[in-house]
């Protein structure tokens, strides 16, 4: 069997750049590693270009371990775009903390590779490898600031929970293998199709439960979400953004791959459970966020809530549902990374990460405050922003798919979410600056400025001219087996 | 032409971004110029408008073809009237924003944004575009209340925001359900209206969809028991924002009822007509009673506004040509009257720094012609004939009489109460012995008169020659009534 | 070997998984938790290998999967141990429940 | 000329506009324009009356509003009813405006006064010639507004302000009844045109109860405006306004427009005989009750106010029982002249002595001959002593009541007539005769200037002579072929005798300083006296109702604040509480997170096995 490496070119470039960076950072002094970040960014750009050029390709590669199809292409592009924004906006932050930029970017690129592999996987072994690549590097990234006790704590908590979830996932996967005798996802689908007819159907459901639980952990759905706030708060800010945009997306991709495609014969079972999960997740995420004082922790709960919204699209189990999920993920990446970019940029300028520290920002730094307001409006789902169009898609899918009650849940939750998103906005514009607030410094580095601009333009363009993106998401939402 | 009118203010806002904050006069002047230009565009549209035709000035281009959403703007008589009101009150509110001396630039940027959203709502003929504008207006209003407001401004602002968002998301669900259940892959209001005749929707669905859509509009309209955001927002907002809130934004709810729920879901509208009528009457009486018990001038005006919106709802629910025409007239008239009242609240507050009614007294002489204008406004508010408010209420109730007789009799109780609190307010503020502390207050000045006199003049003109706007309403109302299957 | 039925393997694997789980949830020492999780992974491996042995058809897949799990678990354990050591060094505790700066 | 009748209201309206826009600059001179305008209007009004008497009539209507298939035209109509009333209104108003030039001279708000008066007259004239309900109602409310504005002309006095508010509110209650009536009629006839209503209603063949309800709703308007029981309570308080206003609005014109409305819509009432009975009773009770209260009033304007209410009651009684509006209308016209005269004369007295308390007057005849004589002429007319006009206008009403099947109405009427004569005698004696009771006031008194006395004389002429010369002509003009019902000679004798008796009793009690007797009488009749002094406790009733309304308002406001708002805030707090609970899940312990994760998996597995399979 010839092994086709051509179709995984982007991943090779990405992983290669990552490894190169590790190598280079061993030879370059920490203070002078900024250029290494540009190398990393270049690597991402090349990967992005390659995957764009390759976007029409369909077929399996790597001996049937990965499959290129619209949806995996979509995820690949999405993750690369997210990684790009993280890389651009995180640079100043990472550098300012006196750690090895090269190592950070190396890990970032490799973790992205893992995420992409999860989306591409056409075999559960590859899925597992991608997942572990992403996870293990994420544990390191979470604890990357070795001198920072919060970062340590984020690392250890994420690690312990993540390892446990991996074990649970593997247990479920082993059962699937036992039931079907194969590790290939289409093979599993076929095998399960036979198994659910026979006496082993309960075992299939058992496997579904394990796998869904473990992936729910990855996307931080309630009640599997508890690691998220601690990790987001403790982890380096750019990585927290990465968690929200890429890691969760990878979880969603894995759900679509293994649950929606591989376990498609059980689709009558999981829709309603995902719906319950969605309702629980958005509600708990939102109400808990109401009490947060740390901005990053708030964003963690926000991402929990957003995952709840996204799960609405999955619960519908229709192509419209998947399409709306993809659109949402794409839109979400810009808004959430935008927020983290602002947090990072301000943090570099010496501002604290508590919401109270944002008081009076509207007068100290109106541009930053304006951008943050835009992202917040998008997270709430107010028109002209991507968030509105994304929510429109979800509601549309759930209404057309017969989940109107879930849409109503979403409505109530949107209103609750105003409570905390707008708390930040209120602090920025309605409150005076606290004593000793950091004075305005408008200038940011070119990289951070570019990253912020990408996020803001993304939010606005998707919000105002969403058609292309809808078409893109719809095209990508075709999944085999549905 | 329509897009020009709608987006001129937004363009102004973009221009303002690059004007330095310190140039307060320039900021204000630029804002006024753009608002005037937009008003001029509306005027040109009005001149070019033919009362005998349906939708005019149509701009219909695909916007999100994948979702069958179009950028579809057009005006009919109803839109035109609302556009006129919006343009006028926008201009007046901007003049009245003279007192905004802090963060002026931000204020006018938000104000212009708001104006674009409001103008957009009234000529959007695509449901998603409508929702788009409907939600966009929240943000500037939030900031206007939150930053330049008074009292519990933060609470009021966020309450306003949360209330309206929940309403609008529920409405969005309703609109999407409508879309999917018609199965025609269009959000265009005229298209959907054409489908109404074939009655494709299952009845149960239509009812639920109707309720979802109406909920959002009733919140906006401030109908009891969904009104509680309204007094807080009206009272704590700065005067120009209160003016827009009460004068234009609350009309969005009524406009939505006419344009969307009643028009596209006529059989559900008939199912729930009695419910809406009862809600309308409750609102009239409840609002009037609550207004009677207020000690705060602005709060009184706020509850009065609630009460008047009850008439609008009653008229819309009745669904007869007379009642609906009356309701629309009442919307316009209330916009003018409540505008005057909020401006006068501002005039008095600026001089006395209080809104406590019990602290006023004998101010007729000290306000110059302001006292007379307040009297005029109160009389207009209580529906004195020959002023515009009368025509609206009269035809709402005359038209509703055939349909909802009992409700009309209850509404009549409201009319008495409305007279009661208005007179009581006049008595408290203008009459009685002159208080020592208010002696020598500056009389009403030219800038304030510039804002008030056009409203007064229009109030009289519309009261004497109501046909001037009713003749353009003829066709849209007739279409609506025909949909509803009524007279 | 052939005398042992598949179900015996599965029972043993299930017991291993349960023991690992118990360890991970009951012991507060981070290292012990890590070991518990490793036990769970071993249970999985046992499963995979047993299935692979008893399955008709493409028998090697399970074995290969188990190999991957072994490798990856080793990497994971290494990273985990590094993180744990870092924490122990900075905080002086190995009890995970005492590492709770972040909460709420 | 009849086709140009719209000019008549337009003239005072023009004067009003002049006052509003340039009044401040012209100072008191602006009022002359109004007086001239009113003079022209009077000439025009009388000319139109003369032409109408010659058989001319006009109906002009222009399209005004089109809503769907309903068209609402606006127009005016000149027929005997409107011609007569218009002539009366113009002349009385003109006289009162002239008089006011003197009376209001040097008032700081002179211009506002004249502006409002002119607007009022314009409104009144519009109402009179209106050919449809809508225009009529608009004018009717404008009148109400002017009444309000003029009652609180001296707004710095809180009691004036309260009186104005009360007047507006109480009449408003009647107005909404009228509105409901208009809507009801419109819902059947699809028209506001007076001329079309009755035929259309007749054609609709409604149930009698519905017709009665409609007619009574319409009648509720006049009950408020014309101060019929139980809405009469505002009119005495309305005396807070300047006295010319009391004469013009609260005696001669506006309060009578309620009666005029009944006359205008009489065909509707004729369709609903049940309603006419109601009208008759309400009129009779009002006539008697107000007369009884007037007997104990000491304020000269209050006496006149109650007498106005009482006379309005007679007009309504006439509407109710006479089978035609002509009796009531004639009383309206004659009342306008003599009551206008009485108020103006009273004003002249007040102007002179600066008090309204009759107990501080006395002996003024010697000092104010013209005022006194004209006042007495008015009083005689009011008391119904022949040959003064009041007799001729009141007699047909009472004899119709006697002829009706409701004797109570007649008895209330004649007893009221007796009381009327009594209290007017009392008023005249207390004011003009006897010894001056307050020497200071007496010395200060003087006759008013000619600008005030001339109008008195002008009004005294019709007050005295109208009945004698015009009664028959009036009847044949307004209701040709109408034969008034006769109550028989006994009734006629009573109507003639009781007023005379009233004069006699009044003279006995108040003539020649019999103070001791008076005090004794009051002591003997103490409960009755208190009852009358308290105005039959109607004010208290009204106040109680107002407090109930305010209480309900307060409850609603509190409900809104604590319950409705409370629920909303409570929901918010609930979300917060929920969040507080869910956040305790994240207690910081990694192991607890792991446990939660596994428990969730376990729950999911069990649920999947139980339900999902």
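Every chain is named by a letter (A, B, C and D) in the order it is written, and numbering of its residues begins at 1.
By definition in this document, contacts are C-beta pairs under 8 Å (C-beta built on N, C-alpha and C of every residue); 3 or more make two chains touch, one makes a residue touch a chain.
Everything numeric here is computed off the predicted structure, so don't read it as measured data.
Remark: the per-chain Cα centre closest to the mean position of all protein Cα atoms belongs to B. Rounded to whole angstrom units, the spacing between the C-alpha centres of subunit B and subunit D is 37. The distance from the centre of subunit A to the centre of subunit C, each centre being the mean of the chain's C-alpha atoms, comes to 26 Å.
One finds 65 Å separating the Cα centroids of subunit B and subunit C. Distance from the subunit C centre to the subunit D centre is 96 Å, each centre being the mean of its Cα atoms. Taken residue by residue, subunit C touches two or more other chains at 24, 33, 96, 99-104, whereas all remaining positions touch fewer. Residue positions 572, 583, 586, 588, 590-592, 594, 598 of subunit D each touch two or more of the other chains. Those residues of subunit B in touch with two or more other chains are numbered 162.
Applying the touch criterion to all chain pairs gives A-B, A-C, A-D, B-D, C-D. For subunit A in complex with subunit B, the residues that touch the partner chain are 362-363, 366, 377, 380-384, 388, 391-392, 395-396, 399-400, 404, 407-408, 410-412, 414-415, 418-419, 422, 426, 429-430, 465-467, 470-471, 474. The part of subunit B that touches subunit D in the complex is made up of residues 159, 162, 224-225, 227-229, 231, 286, 289-290, 292-294, 321-322, 325, 362, 364, 375, 379, 384-386, 390, 394-395, 397-398, 401-402, 408-409, 412, 415-417, 419-420, 423-424, 426-427, 430-434, 465-467, 470-471, 474, 477-478, 481, 487. If you check the complex, the residues on subunit C that touch subunit D are 21, 24-25, 28, 33, 96-97, 99-104.
Within the complex, the subunit A residues that touch subunit C are 124-125, 128-129, 132, 135-136, 139-140, 143, 146, 149-150, 152-157, 159-160, 163-164, 166-168, 170-171, 173-175, 177-178, 181-183, 229-230, 233-234, 291-292, 297. Listing the residues of subunit D that touch subunit A in their complex gives 572, 575-576, 578-580, 582-583, 585-586, 588, 590-594, 596-601, 604-605, 607-609, 612-613.
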